[in-house]
Amino acid sequence: MLPLQVAVCGPRHCTDDDKIHAREVGSLLAQAGVTVICGGGAGVMAAVAAGARAANGLVIGVRPDNTVADASPDLSAVIVTNLGEARNAIIVWSADAVIAIGGSWGTLSEIALAKRRGGIPVITLGSWTILDRDGNPLPESVIVASSPRQAVDFALAAIPQARPQEIS
Amino acid sequence: MLPLQVAVCGPRHCTDDDKIHAREVGSLLAQAGVTVICGGGAGVMAAVAAGARAANGLVIGVRPDNTVADASPDLSAVIVTNLGEARNAIIVWSADAVIAIGGSWGTLSEIALAKRRGGIPVITLGSWTILDRDGNPLPESVIVASSPRQAVDFALAAIPQARPQEIS
Amino acid sequence: MLPLQVAVCGPRHCTDDDKIHAREVGSLLAQAGVTVICGGGAGVMAAVAAGARAANGLVIGVRPDNTVADASPDLSAVIVTNLGEARNAIIVWSADAVIAIGGSWGTLSEIALAKRRGGIPVITLGSWTILDRDGNPLPESVIVASSPRQAVDFALAAIPQARPQEIS
Amino acid sequence: MLPLQVAVCGPRHCTDDDKIHAREVGSLLAQAGVTVICGGGAGVMAAVAAGARAANGLVIGVRPDNTVADASPDLSAVIVTNLGEARNAIIVWSADAVIAIGGSWGTLSEIALAKRRGGIPVITLGSWTILDRDGNPLPESVIVASSPRQAVDFALAAIPQARPQEIS
């Protein structure tokens, strides 16, 4: 049976805290037997790959350009899409849950595409805050985590028993 | 010479105000000789198409699915992508400016993808508010308009003299 | 009601005959009130755009890269996909019929993707020959035309009365 | 360092010989330490996945639809693209070499897209024959193999020492 797949999204240019968080999230997912899907580049992407690899996990990078030249060396395999940021939709569709770490426009697009898809949990850790028109947290949007452990626990707990893809 | 192309983004399910705004934006763009790019579906997309058509403008719908069945009847032409929401990246890449009307996850993804692309103005009219981590409007993100006329004026004024695509 | 849309596919680098054929096909399609979809670049793409424009037709270019810089000046509108050759699938999905002129690998991929889609006629004019394993023309694959007029007549005659997209 | 990645392409509906060939190719690639990229579905795709898995290899399926429901159970990981056959371009871009087994329109599109990309060897095993306009084998197009062993040997021997992606 196919292992669960969790996407970890985040920017190339990120804070040191983001990197530490991403590495720990990658490690915890791998220890849980979960395959990590990421963008395969630098920053948060490289950190989550390094964490997953160090824990002997499987981590797949989905690249926007037409080369493996900029791919993280810790990836198990690289999907070279040549689709630019349209590849963000692929990352989201390939995941049973999405964890966003840190904030960039690309990461925001992944959060939005994951919510647009629906049916999978979206967890944020030091990422964008989603507010309603009155400035209050938008209910039923994202789950806000305050630590890598919490992000992974929230993600795994919120994945539907039946894969959402199999329902529709 | 190719006319300017402005993308108008917004949800299928929208408010009556959003529809009125979208129709007016479509009309004003067409009157300015600008080609409208939109998602080609219902709601904001249908309203902007109707407005552009009524003003004898050119309006292209870029559909996510594999059929023209749900395309707005006011489109001049339909691009059938069969790419799902990955088509949002195409809408953004095809535009000299993006105007977002109303708020859905798909619209948020288009705002984020437009900012990720960079180099083109992004105008919002009754859409998502982009705040920084302190809850203040994020500088140099989106231009907030309060009327269809203002949205179109802001968009056309902010388009670089040289097409941003031709610079890079 | 949306006009019929016919894709005309062919290489950037083509013979003089291919260019003459493409220009005439573009002209004939425009005269028939059909919207032309093409790749929007040089060679066959530029020639079909020039022919359609000269006949006051609508012609949309679907570009593989992230700029309008290399787009034919005769296009009515440009869809900038930034998807590379994956955009060939979009051209095929957007068409009620496909006419292939001249032969390149990209053109062959479009013929193959159109047959993979199914339900629409595929006409070749000086393009790839499709043979079965015994070296005979593969039945029910492509319709071979020997002139631009014949290519357009074959295409328009073979388009199903009901749009194939509306059947499935 | 990232292992080599070879794409094995072929139809859902295939002959028994195609399945036997695909399974053997998957096994041989895995034994050589090569990661297998495939379409992740039935027929040739399922057989190559089974062969790779039985040899403890890594095999990634790149699906055209929006679900893992039809994915082969032998895949190590599934990339869910929701891009339809446009995903064929991703398979081709992710590969250091392409082996086509059996013949369908989808497989032909992958051969053509691989040649369009250029710089990587394309091997056929009981697949389409590529002829020039005189009916002779087109030079410098595909390498025709007559057995799974030969297909794998040809592929691995023809992969450039430096990754082609890193040259351009």
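In this document, chain identifiers A, B, C and D correspond to the written order of the chains, with residue numbering beginning at 1 in each.
Criterion: contacts are C-beta pairs under 8 Å (C-beta built on N, C-alpha and C of every residue); 3 or more make two chains touch, one makes a residue touch a chain.
Source: prediction; values computed, not measured.
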| item | value |
| --- | --- |
| Contact-richer chain pair [A-B vs B-D] | A-B |
| Mean-CA-position distance for chain B and chain A (Å) | 28 |
| For chain B paired with chain D, centre-to-centre distance based on mean C-alpha positions, whole Å | 39 |
| Contacts with two or more other chains, residues of chain C listed in rising order | 66, 82-84, 86, 89-90, 93 |
| Overall pattern in which the protein chains touch one another (line/ring/star/complete/other) | complete |
| Chain C to chain B touching residues, read off their complex | 1-3, 5, 35, 37, 58, 60, 62, 66-69, 71, 73, 75-83, 89-90, 93-94, 163, 165-166, 168 |
| Complex interface listing, chain D residues touching chain B | 66, 82-84, 86 |
| Residues of chain B touching chain A in the complex | 83-90, 93, 103-106, 108-109, 112-113, 115-117, 129, 131, 133, 135 |
